[in-house]
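You will see chain A twice below: alongside chain B first, and alongside chain C after that.
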Partner chain A sequence: MRAQYDKEHFRKHSLPTPFYPRMAELSQDSSWHCWKGYLSADYFENVELEYFAIRNACSVMDLSPMSKYRIRGQDAEAFFDRMVTRDMSKLKPGRVGYSVWCNDQGKVVDDGTIFRFGEHDYRLCAYERQYEWLMISSAGFDVDITDETEGVAALSVQGPTSFAVLSKMGLSGIETLKPFGIVHFPYHGGKLMVSRTGFTGDLGYELWVGGSKALTLWDELFEAGKHYGIRAIGTHALDIARIEAGFIQAGDDFTPANHTIRKDHDRSPFELGLGWLVHLDKPNFTGRRALIREKEKGSRYRLVKLDIDGNKPAHASYIFHGRKKVAGVVTSAVWSPTCKQNIAFASLEVAIDDPLNDLWAEIYYQRELQWNRVWQRCRVHDEPFWSPPRRRATPPGLF
Partner chain B sequence: MNKYDAIVIGAGHNGLTNAAYLAKSGLNVLIVERNPYIGGATVSRELYEGWTYTNCSYVSSLLRPEIYRDLNLARHGLQVVPFGGGATLTQSGDYLGSYTNHEVKRREFARHSLHDADAYERFSTDVMRYCRFIRPFLLRTPADPTSFKPKDLSELFFLGKNLYELGEEELYEFIRFFTMSVAEFLDQYFESELVKAALSGSGLIGTALGPYSPGTAYVLLHHYMGDIDGNVGAWGFARGGMGSLAKALAGALQEHGGELRTDAPVAQIRVRNGRTKGVVLESGEEIDAPIVVSNLDAKRTFLKIMDQKDLPDEVVERAQNFKIKGSSGKLNIALDGLPEFPQFPVGCPLIKGDLHITENFEQLERAYDDWKNGTWSKWPYVDMMIPTLTDPTMAPPGKHMMSVFVQYCPAKLADGDWTPDKREAFGQTVIDAIATFSPNFKDLILHTEVRTPHEIEAEVGLTAGNIFQGDLSFDQLMFNRPFPGYAQYRGPVKGMYMCGSTTHPGGGVMAAPGANAAREILADLGRENITPEDFGDD
Partner chain C sequence: MTDRYDALIIGAGHNGLVCAAYLAKGGQKVLVLERSEQVGGAAITREFAPGFKVSACAHILHMLQPKIVRELKLKTHGLNLNGPPIETISLAADGNKLTICRYNIEGAEVSDTDKVAYTRFIKRMERHARALAPQLLKTPLRLANAGFGNVIKLAGMGWDIRFGLGKKRMRDFLRIIGMNIHDLLDEVFESEALKGALALDAVLGTAMEPRMPGTVVTYLYRLAGGLKSIPTLPMGGMGSVTVALADAATSFGAEIRTAALVETVLLEGGCAVGVVFAGGEEVRAPTIISNADPKTTFLKLVGARNLEAGLAHRISNLRTSGRAAKLHMALNSLPDFTGLEQDALGNRLVIAPSRKYLEHAFNHSKYGEFSAAPAMEITIPSLADPSLAPAGKHVLSAIVQYAPYDLKGGWDAQKDTFVERVVDVISAYAPDFRDKITTVECLTPVDIEREFGMTGGHWHHGELAIDQMFMMRPTYGTAQYRTPIDGLYLCGAGAHPGGFVMGAAGHNAAQAIIAGDK
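Let's look at the complex of A and B:
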């Protein structure tokens, strides 16, 4: 398969997504970064205001750069069941499942969401590009794999008024949509798919349309949302929300196994706190043997959520046992505006006799160009830092 | 004065590096060079007024940054400037370009194969794993695996530790890698013929083997393991041509009081009672020194400038059997303007990098077949560059210089010796091939220097014109380079050493052999080691 670029594609490093014309109007500082070859907003106006749109009203983020693959065929379920760690026979048509997939060494290649449209029809949304991995994994299975990244535009609509906005848009029946459910609507001669999914840990949806309907969708959504505090957000605001929600991010909290050059820089699902996704009772999936061995012999690392004293975010801090022995490093950290807590994820080296009750963060922070250092006590937090009941309520509330 | 602490024979970049370190340590050093100019295969000369040619080597990546820094080469005038771009052109008017931006590069691959665009990530990761394995060995002396000396044992331990660090799975792969062909290696990742052909070039450069020949996968790695400013695998131009690298090294040598004599070909290394005494020049002049270091390849060193009676039979035999096949030629062309390559869109940056015209393994293998048949390739592999698009010093403004590295070109022709007519015919074959892609190319040519292995041997003194001073095959690497038992830079005669690319870690403009040899010499003299250590973990 070839992609449909012509020789001129080199003129801009990052390509605009179908929503770019609207986003460019809103972007106050033209602050963009490259997300897998597409322009993605860092923020539009103000990170704090955008963050509070997620937790207080309705936020809209362009998800189009996400790598998207369509997998169709007789063996599609069997194929997924072989590739990912989760038991895929449990994922029914009309449902979405989050999973990871591993290499033969039981190390995480990537994580993503699997949308089951029909008996033999799926979509995979992944952080990394997975076309080659899907080709390798599909040997012997009757499946057809196409890259839909370019053709499918997507918006993430998240926040307490998100349901009200979609209802106002006329998406009737959406009130019965449960978390991880999918519904389809006819849309201006095309189709609109809505899934109750997201990366914020809040009430929210993701909207998927063909690229040609993207601007119509944007306009209708913002028109519907104008009395509900709707606001376009960039990735900076999302990053705060996903840490509060306890979601790890490939590339931040772990390096995908196909990109690690140094030994022991990869991570297994157990080492990322994702053991609940690993169904060892499945007869066969990639990495199973190695993961069984790891279960027996123990893991090298564990990823923990930390509640850290004080208010200085522990960006890239070392974590110590008893302020003496290095225990690991912080992979993501933020001050949580909703929980009013100083939160972080840390990857700790596992040693059996190390208790988790005497962890300390060595935090460097800057004031007027001067660096200061503080030691702060850390407590391991088992649950997500933020998980409001509205996240699961069906039918959802209007705000 | 006719007596020195050490004499280095040959002012190639390794001879210069070696001499600079010996001088820096306080020794009284003389370097004697056969040619009227220095640099060996790292040389720039003005053969057409106003144009500087980079006559042999033309791009830099392998040069050890530790040496660059340690010898103050920047202060002595060296600047290595990275270039962007590069492409493999196809006869259908398309190409596979190599862009510096990751995403653009990926889209360019995806234009030919979506699969290969992703696979390139996996390929790069694997190659980087191997590079990371090999790089720490570049500034180390190979262990002698048969020795029980503490130093050898600790080197072997270091090797073992690094192999372990690769991880179990990678270890298997790595061992397979050393005996694989570049075609087999690339087949593990890619489906597009063009992608594979484009990436295989690094496995063939300077090597008398085809894409399907075992051993070429390592040659690819040899061309990826360098860096510019920590950017592993990146290549650049030495501003002013590669000769400025030799000049900077000579500057460092002179800063430390070393002496340099050109037009001083050595006839023989003098040996008395199993000890080195010095050298005798072709002029008959004798110069004394208890230490003599040869920058020449192993064949030349032992068979040309040493008396075989002074050597163990084993060394003579190994030198006779040393694999040093010639396969490369070079054209340096003065151009009246910029050649057009209409397949590139206007403003496309790819022309600033290395351009190639072989688009599949079959063409490459056929090109190699011609070499086996004792003639130059009818449709050659070329590594063609226009340094003047990056370096403003090499030609007058608006004019250009093109450097074309060519394979395959044999050292010996099936129909007898090289003659000037045959050399011109070889050059014409290359020019005709390039002209099929560039309509105005021929009209722009003002002057061409054509070098076959014959000229490279005659002018640079590389046996058979082999650019690496000896094939980079597994049996001639690490503790087997140049021969088993002689891989620690010491020759078979007391006081005699080797410092050229013929020793570990091999060919290319790296300066590592020269520095490594200096470290061993200083150790034998009981002097402090002043050669730099690896920067570590890039």
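Let's look at the complex of A and C:
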């Protein structure tokens, strides 16, 4: 599955992905960052335009740097069932499931999506590299684990017109694809896999193809989308959308447990508001004993969605209870252009009495190098800020 | 089947039997399950040639804890510790042997300075060992999630070291504890023969050589375990110890079932609730105690998939590769060791003429070869106990290092060459040795693994090195005998304080289980 690339690649800090030639043409400012060893665009032209492509038209983002692992073998289901917190016997072939996985201390190692292709054939996609943890978790299981990060190119096609674009591309039958479903198409002598998944909380798909077909896919997609407002986007625009959709991000909203050095700097699924993913009735999974203990004794933190007054994003702000006592800290914050709300995620200490009332953010912002500070009231928001019905509609609308 | 038993113990090795005896004494209904026909695990005496019997693994009793002998009344159950006390004699090819007693040494080549230095050195080391000794019969403390009890324990351990030793000696203890035995011996002695013999004590039964850091710890550990004992060859061989233990355990009401190979620990809802035998039969009990080594216990009996990933990983990373072989030889008469009188042959004879000799011997094992010139600990137990051999004949028992478990090319094809090598080495010290041999049995680590079920053929159930000691034995998270699997406990050499025929792990496990029941 190894893709061909320049043998001198090690002279560069980050590898180009298979879509790089097209993305480089579009990138106005050559603004890139390194995503686990690959070049990933911050933005191409303008973050706002790219964000509105997600919410009002069709956005295309290069997902190729996503860590992708193929897990095959007799014990693949049992392997996942022991590794992740969710009950994996419920994930049927042709479906995708989101889960977190923990270390023995019940702290989140990473989150990701698990694609079940067949009875004994899975793919795991995660933001962080997971090969070592997969190998550690595989002792005692008859599974074969392959890193497919390099060989599989992927695009995330998200937004209200994404369905129309894919239909126009000739992917017939895609109208019946339900959220978290997978469908395969023959594609120029190879295969194209489409999953109805994404990180925007909107109607959208992810397209998976062998690296050699990547540029063909890009070209056909943009050709099909030219009357549907299709636009390549970078991670800055995605970040706004994922906060609106209520999705947490490893490295922003929690530090993966295998990266934390200091005590209490890791987080359990309960502390990230992901208790719904934890199935303690399974007889064994990594972290179970610690999570049972946590359930009995209580968690240290809770992650909340906040609706904050004013329009200054509360980046890294302290959250105070009654403007006196520190209750926690903001992990992600943004002004939501669609909801017209100043939104944030915050990790609050559970020990604070009645922590969900009388919360205040102490927000610092800069004007011409001058720092200003405002106090803004915060309200806890239980639901995602953005979750339109079109996200789940099958067949989706032709917007 | 109903819960007829309070506890099942997997393995009737000496620790399993000690644990069974203490639990039964404490009123629990205990069943011990042994895969062999005979109790004792590796601490058995068995016939290897018609009329010739020998201790199958360890052959010198120097660490069996007197507290256990006393509390379990092992002497009334037939344990005979009246064998003559033995000293260590370091053999020299030229006959200039070195006799090492507990507090003094004798030898033509040894200077008066070294003789004085030896007495001082041993007293100094024994004082350090005394700071460690109290830990042997205690459950190791927990560092993570330490409760009040653990803080008290930590304070106690600190007290033993700080005030047990005093300021000056504590400073010395802390200075040498991380050192290697090679360098420490250089600070004290002149005679290389003496340094070689003492260095052997630090590396016997390990995968270490004298220049490796941590060999002072192993040396002190050995002293700590033997502070209150006099080394002896048990009458009737090592099997007499486990026979007495089995007798004691049954007298307290424990049951023992032999030829009962446990294949699986039965789990329900993540808890251990019983065992399944090779034939499929189940026995249930609320407490399951494994005397098997940690890898066998966790990876085979429980299964890695039934553990959480981190623990399974740590267990599979344990260093359990044995590097000591055991040789048994039937002799038609006593060999003539150069410079050694016949009545001295009943002692502990060691072949470790220098530290370099040990290092060279070890080097081969690093590359998957056995030593060209191996080091040895030799006994002729039939001298003190004539019942071990036919009249006038003798048994020689030798621990031979280094013989790596994972020998390049495998043991099957090379065992004979290895035995030849050992015979050659002994012949250098006893020229007529070859002619006396009638039968040879060689137990390589692979044989030891097969016969006694110890992973890697390591008779400590895992390397006894500082990173696998105390609260790290076998690994954190399961170092207090209780495992993360509810109802499952460890009581074997893989748990603190490790192997030797000490009985301490079995004793400590029983105390932890009894304390946990309250």
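Operating definition for what follows: the second predicted complex is superposed on the first by the 388 of 399 C-alpha atoms of A that agree within 3 Å, B and C clash if a C-alpha of one lies under 4 Å from a C-alpha of the other, contacts with A are read in each partner's own complex, and residues count from 1 in each chain.
The rule is short, and it goes like this: a residue touches a chain if its C-beta (ideal position, glycine included) is under 8 Å from a C-beta of that chain, and two chains touch if they have at least 3 such contacts.
All of these numbers come straight from a predicted model, not from anything done at the bench.
Visitor: Between chain B and chain C, pick out the one touching the greater number of residues of chain A.
Guide: Residues of chain A touched, chain B against chain C: more for B.
Visitor: Applying the touch criterion given at the start, work out whether A:Gly37 contacts chain B, chain C, both or neither, answering first, second, both or neither.
Guide: first
Visitor: Tell me which partner A:Asp147 touches in the superposition: chain B (first), chain C (second), both or neither.
Guide: Only chain B; A:Asp147 stays clear of chain C.
Visitor: Could you look at A:Ser137 and tell me whether it touches chain B, chain C, both or neither (first, second, both, neither)?
Guide: second
Visitor: For A:Arg22, select first, second, both or neither according to whether it touches chain B, chain C, the two together, or no partner.
Guide: A:Arg22: touches no partner chain.
Visitor: Tell me the contact category for A:His236 with respect to chain B and chain C: first, second, both or neither.
Guide: neither
Visitor: So in the superposed three-chain picture, is A:Glu8 touching just chain B, just chain C, both, or none of them (first/second/both/neither)?
Guide: A:Glu8 contacts chain B only, not chain C.
Visitor: Quick check for you: in the superposed arrangement, does A:His315 touch first (chain B), second (chain C), both or neither?
Guide: Neither partner.
Visitor: Looking at A:Arg95 after the superposition, I want to know if it touches chain B, chain C, both of them or none. Which is it: first, second, both, neither?
Guide: neither
Visitor: Take the contacts of chain A with chain B and those with chain C, and give the residues found in both.
Guide: 104-105, 133
Visitor: Note which residues of chain B are touching chain A in the complex, please.
Guide: 94, 97, 99, 101, 103-104, 106-108, 110-119, 121-122, 125, 128-129, 132, 165-167, 169, 344-345, 347-349
Visitor: For a test of understanding, state which residues of chain C touch chain A in their complex under the given definition.
Guide: Touching chain A: residues 267-270, 299, 303-313, 316, 477, 484 of chain C.
Visitor: Can you list the chain A residues touching chain C in their complex?
Guide: These residues of chain A touch chain C: 75, 78-79, 82-83, 103-105, 133, 136-137, 139-141, 283-289.
Visitor: Please output the residues of chain A touching chain B within their complex, sorted ascending.
Guide: Of all residues in chain A, those touching chain B are 1-3, 5-11, 13-14, 34, 36-37, 104-105, 129-133, 135, 147, 258-263.
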